[in-house]
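After this come two complexes, each holding chain A, first together with chain B and then together with chain C.
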Partner chain A sequence: MRRRQFLQTLAAGGVVGALPAGLNTVFAADASEAVSVEDLPPIEGELTLYLGRGEGGLYERVLDAIRKRNPKLELGVRRGPTAALANAIVAEGRANVRRADLFWAVDSGAIGVVEEAGLARDLPADISAQLKLGFRYEAWAPVTGRIRTLPYNPTRLSAEQVPDDVMALADSSLKVGWAPAYASFQSFVTAMRLDRGDQATRDWLKGVKRHAKSYAGELGVVMGVERGEVDLGFANHYYTLRLKAGKPDANVALAFTNNDAGCLVNASGILALGENPAAVTFIRYLLTREVQSYLAEEAYEIPLVDGVAMPQGLPPLASVQPPKIDLTQLADLRPTLDLMRDAGVL
Partner chain B sequence: MRVRWPPPSYPLAGLIALVAVLPVVVLVTLVGDAPDPFSPYNLKVLLNTVVLMALTVLGSVLIGVPLALLTAYVEVPWRRVWLVALAAPLALPSYIGAFTFYAAFGPGGEIETLTGLSTPSLDGMFGAALVMALYTYPFVLLTTRASLCSLDASQVNAARTLGLSLPMSLWRVVLPRVRNGIAAGALLAAMYALSDFGTPAIMRLDTFTRVIFVEYNAFGLSQAAMLSLQLLSIVGLVLYLESRVKTPHELPGRSLSIWPSRRQSVALFAAVAPIVLLAIALPLAVFGIWLWRDGAEGFELAYAWNSAYAALLAALVAVVLAVPVAHAAMSGRAGRLMERLTYLGFGVPGIVMGTALVYLGLKLPLLYQTLALLVLAYVLRFLPLAVGAVRSTSERIDPKLVNAARTLGASRGEAFRRITLPLTLRGIVAGGALVFLEVMRELPATLLLGPTGYETLATYLWRVYEAGYFGRAAVPGLLLILISALGLVLMLSGEARGGRSVLEDNRR
Partner chain C sequence: MKLKICAGLLSFALCAPVFADAPGNASAHGGSDAHVRELSNHLAEYEAEIKWLLDKAQALIQVYADKGSKGVNTDELIDNFEAVKVHLAIELNYVPIYAEVWQGIYGMKQAMEEGKPAAEAEAQRMAFAKALWQGMGVVKLAAQHQLAQPAPSTSTDEAAQSPTATLEEIADTLDDVLALYRKGEIEKAKSLVHATYLNRFEGVEGALIEQDADLVEDLEKDFNVTLLKALQSKNATRTVQGVVSAMQTKLERARKLLKEADKNRRDVF
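Right after this comes the complex of A and B.
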């Protein structure tokens, strides 16, 4: 389904063709079908969304399509860095000024901050039931996922040379690119900390640091891998897929580790602030198969409701086992930062 | 001259200084449990920060001062176009500049891909300082030029009559007299280098702002506030050093004109072109390549109008407020302190400042997230740009002129209106231009405090940059520079009118 067709489907209510459901074997909990926008009531009235992410048109198209389908909806959108918007929402909460009905954040840590301030309201149980097992929460709904990957440069090493155990990278001689200041990387280290303990994580950080090159962000890591500055790197999967979409002959391929923090699946999420009932309906729209498959195809994000195909370019994940970790635990960044400073990588 | 105490500008300047320092007060309230500030790691970071600042100042003065001489004195054809093009880098967010530099140079970079020429990678301290200097020299250019334009040329003419060559007379007779203009610009460049996050991050240099940013993004707002306050101690030191730079008062007069031959004009153009090429043409060319690769979509012209409108309002308000503050700064020590206080906020990283302004804005819930409050936030953030420029020109006014006017029966207000204000006009215009350009590229406050859905060129640039759709940054990037150029032209035409009537000197 391409862009235009997506818009037609969502806006005019066309019928979606049968979607292949076989690729996402890892997450398949049960075979229930995703909800269609056809099944949802229209949204009416004013709604203000704080969108913690700049998405150059992709999220915009989803919002436009929702607007088009709901002519009586007056949707205001404020975009900003996720942490800044989370801080603004907390500040508004303290001043008893409420401007946002919804907070859609790229980072589950930001969700945790708002939730901890007691500003998120509980969602109806049937919303979390639509999500895959392991992604069901009371006061927020994961929207799409991203998996940690090892992008590598195939002109410098072969797929077999990439270890499938992330811990093994500490002692390897490969030149590694990473972005320690980047939120997703910190979440990954937090997951490793929860998985293997502080000492092992500190040793790992110190080990990798010896042959690592730091970048500002993970797009930079992927570009560094592509340019051959490093052999492989740590990055969310979609940077590689998007780079390849713009430059199909790019010298970068994806590898995955197995059942450790190296292949953690994290999620962007949305939560409702206050009592506006339209906010909950809006969340339901984001979980429809139309929106989910659009985000998978165009933004290369991993759909988190059942019955929607994985993005193109991600290999069949049958062999990859992501670790089981409660995403809200990843909001506990303080010990991770201390650990990373201690190891001298931040 | 005996003035009555307190000087008339004190109450107003005091009030403005108080409001301008409020965001910093908010930061103090946000500080919670303090982390250990000066661990060995942070000392390394501190060293990087100070070295980057020093190199940035050095670079911006080395580029900015010659260009100020050129645009102020040399009668080349299309002089205003030169000035506008040379000031335009101020309109481009430095993270955009740094990112395109990073992408263009080095093995596998765009330059090598296109031409096959291999270039060295640009990163680390050298890369960061180069990019910073290229995007801050217009501060020095504009403030120095404003001082140069009100400088009487007769001393230079005397020096040349006595046999001093032109370069030597510029060096020994002109530059020492505009030290304060140079210092005002260098101060702004220094504070920009201290508070900018994007450039050191992209060039992979560990500076104080990066540590602050990491804390902020890890939801450690109180730690980020704490570190920002620590950063202010360096800012305070820089502010003190700059205030030591003093030049004696002298009468304004007919300014110098240098008429180059056609060949000299071409040579000058060849010398200046690389700067414009690097600072503006290179980023736009890189974006152009990406535009061609990715295609553009989703852009609306309304963003450009939003940017220009808010920037113009902020520039107007800022210069109106800057006049009493600059006047106070020249009236005594207390006034000097008030003026210094307005600078503090400029040294705080934008995103932390943005959050402090949210807390401040929430004290006025009726205005929260309205255009009025956004403009106020811009003014609080960029007031020092206007103050610095106004002060450095006002300091050059001879108090005898005001006394003479008073003796002839003008009231205090009339003397200010008819003597002081017109003589400061160049500084006011330069200050307004600086604020305008800086607001055009401002991001965090715009995102957090603008009316919901208020999209400007800078926010749109940020959006597509964040998402990695760089091609779409080409059109807004170009527009940002175009509108900034238009704004500069507008203000410079105002300057030209004012300059003529005061200096009874038709420069044409």
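Right after this comes the complex of A and C.
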């Protein structure tokens, strides 16, 4: 059935070109279904949210909808780059000051910074039970996911020619597009470092660099693939889906590697910083069927609760085999940047 | 709406609402954060604020020495720091000192609330002063860097900005690029183009590409090739002006497309 679902998605979306041969179910679906907002109590009282910059406009629409539905909620929002907000929370915590009730970060690494400082409170078990296996944490809740992909140009190579092992790309003759200065790429290299070690990662970077073209950002990578400047690239999944939405006949398809950093699923996430009960209810709102499906449809983000459809053009999460990595460990960026500089890619 | 208590009358506006009227537009300290983008223009103001904070703390400790715990409202210490602009300037530029500032505030507060000798509260005030002046030193350094090269926004107190407003801001920034070129400050002009592309345009191009992929492709090329190339030529004001003007026309088209797309988005609930 899962194989059939995958094939249907492939046919409908016309995007997915290759998947690893072993479609094991690391993210096997749980029996539970997503909760509806209709089943949640209203949120009341004051709540301060620190919101990391991300899918700005759409996250704001979610916040506005929550406000509209909860007229007795006084929601204050402080916005900024995710890493800067994480640093501010840690500094405030060090001084025994708590100004935020919630931290919603686009990057789970920043969540790790706050969690490691011991500032996040444990969440009720039923919250993590709503999330897919592999995304269940005690002190934070992943909200939506994004997967690393290999966008490739089908006029230049076939799906079968795309390696399903990211490490194999170091010795390949394919012309590769990448964006080394991009935060998502650096998280991917961090995952490789955690998975394969520093030396193997350094060798990989040096190997790929020989046949890579650099771009400022990952949308640029995908567009470079589409124009045929490179054969394939490294990018988060949504850039390709967005390009296909605006240009359905674009010469780009998606491939995934198998059980390595090349198909890492990273997540945005939220944590509660104090005992304000409204904070936990707010988190429940973000995990509702309605918010999850909105972010999947409008922002192409991967829903992380069961019973919500994937963005069109992506296979079910259960059919991809990402590496088992504690996402909060991706905060450890400094050794990654040192290694990238050492390899001459930054 | 919740308002912070304003501790005193000052020559500059210190009293700011914690949660401004606009929904979701929280300003945790000192209202607008625009000042942190031009630190050098606000150094005197920051210094005056630090002196004011220290004077207020000293006055409070004096009242405590005369009347004891019941005579003082130690929350004033927090309210005062929340109200000044230098708060954000230190927070953004040196987080370790930012924590020490808070530790100083809580040190004074705790000493007075626990009925300790006034000298102990004063010792905490000195630590508070040291942290503030160290923070001011870092802010001055940051101001110099900012003058040398326009910095990308690192504010942690941004207002919500729609993609259409971002596109308007980008179009305005291109006028600044042209002005820098006219003054002969070519490297600064190029840095501003890079920063605008990475910190502003990249945030909206994902949504835009769904509407018009070719338009995004054009603008990508303008930002990364055409405009930079024009800026590198000497005595080419008319060329740079032409590129900027063409980009502004494309940005206006992009703004209209995103505005229309936004109207058609479905509701969340």
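What we mean here is this: the second predicted complex is superposed on the first by the 305 of 346 C-alpha atoms of A that agree within 3 Å, B and C clash if a C-alpha of one lies under 4 Å from a C-alpha of the other, contacts with A are read in each partner's own complex, and residues count from 1 in each chain.
The working rule: contacts are C-beta pairs under 8 Å (C-beta built on N, C-alpha and C of every residue); 3 or more make two chains touch, one makes a residue touch a chain.
Owing to the predicted nature of the structure, the values given are computational and were not obtained by experimental measurement.
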Fit or clash - chain C, chain B, common chain A: clash
Chain B versus chain C as contact partner of A:G246, first or second or both or neither: both
Partner chain in contact with A:G80 - chain B first, chain C second, else both or neither: both
Partner chain(s) touched by A:G344 [first = chain B, second = chain C, both, neither]: first
Which of chain B and chain C A:A183 touches, first, second, both or neither: first
First, second, both or neither for A:G228, with chain B first and chain C second: first
Chain B versus chain C as contact partner of A:L273, first or second or both or neither: neither
Touched partner set for A:Y294, first chain B, second chain C, both or neither: second
Chain B versus chain C as contact partner of A:A110, first or second or both or neither: first
Chain A positions touched by chain B in one structure and by chain C in the second: 48, 53, 56-57, 60, 76-81, 84-85, 87-88, 91-92, 94-95, 97, 99, 216-217, 219-220, 223, 239, 242-243, 246-247
Residues of chain A that touch chain B when the two form their complex: 48, 53-58, 60, 76-88, 91-92, 94-95, 97, 99, 109-110, 112-113, 181, 183, 186, 214-217, 219-220, 223, 226-229, 239, 242-243, 246-247, 331, 333-334, 336-337, 341, 344, 346
Contact set on chain A toward chain C in their complex: 37, 46, 48, 50, 53, 56-57, 60-69, 74-81, 84-85, 87-88, 90-92, 94-97, 99, 216-217, 219-220, 223, 238-239, 242-243, 245-247, 250, 290-291, 294, 297-298
Complex contacts: residues of chain C adjacent to chain A: 2, 18-19, 23-26, 28, 91-92, 95-96, 98-103, 105-106, 153-163, 197-198, 202-203, 205-207, 209-214, 216-217, 220, 224, 262, 265-269
Touching residues on chain B, where the partner in the complex is chain A: 39, 41, 102-103, 106-109, 201-202, 204, 210, 213-221, 293-294, 297-298, 351, 354-355, 358-359, 362-363, 365, 368-369, 444, 447-448, 452-453, 459, 462-469, 472
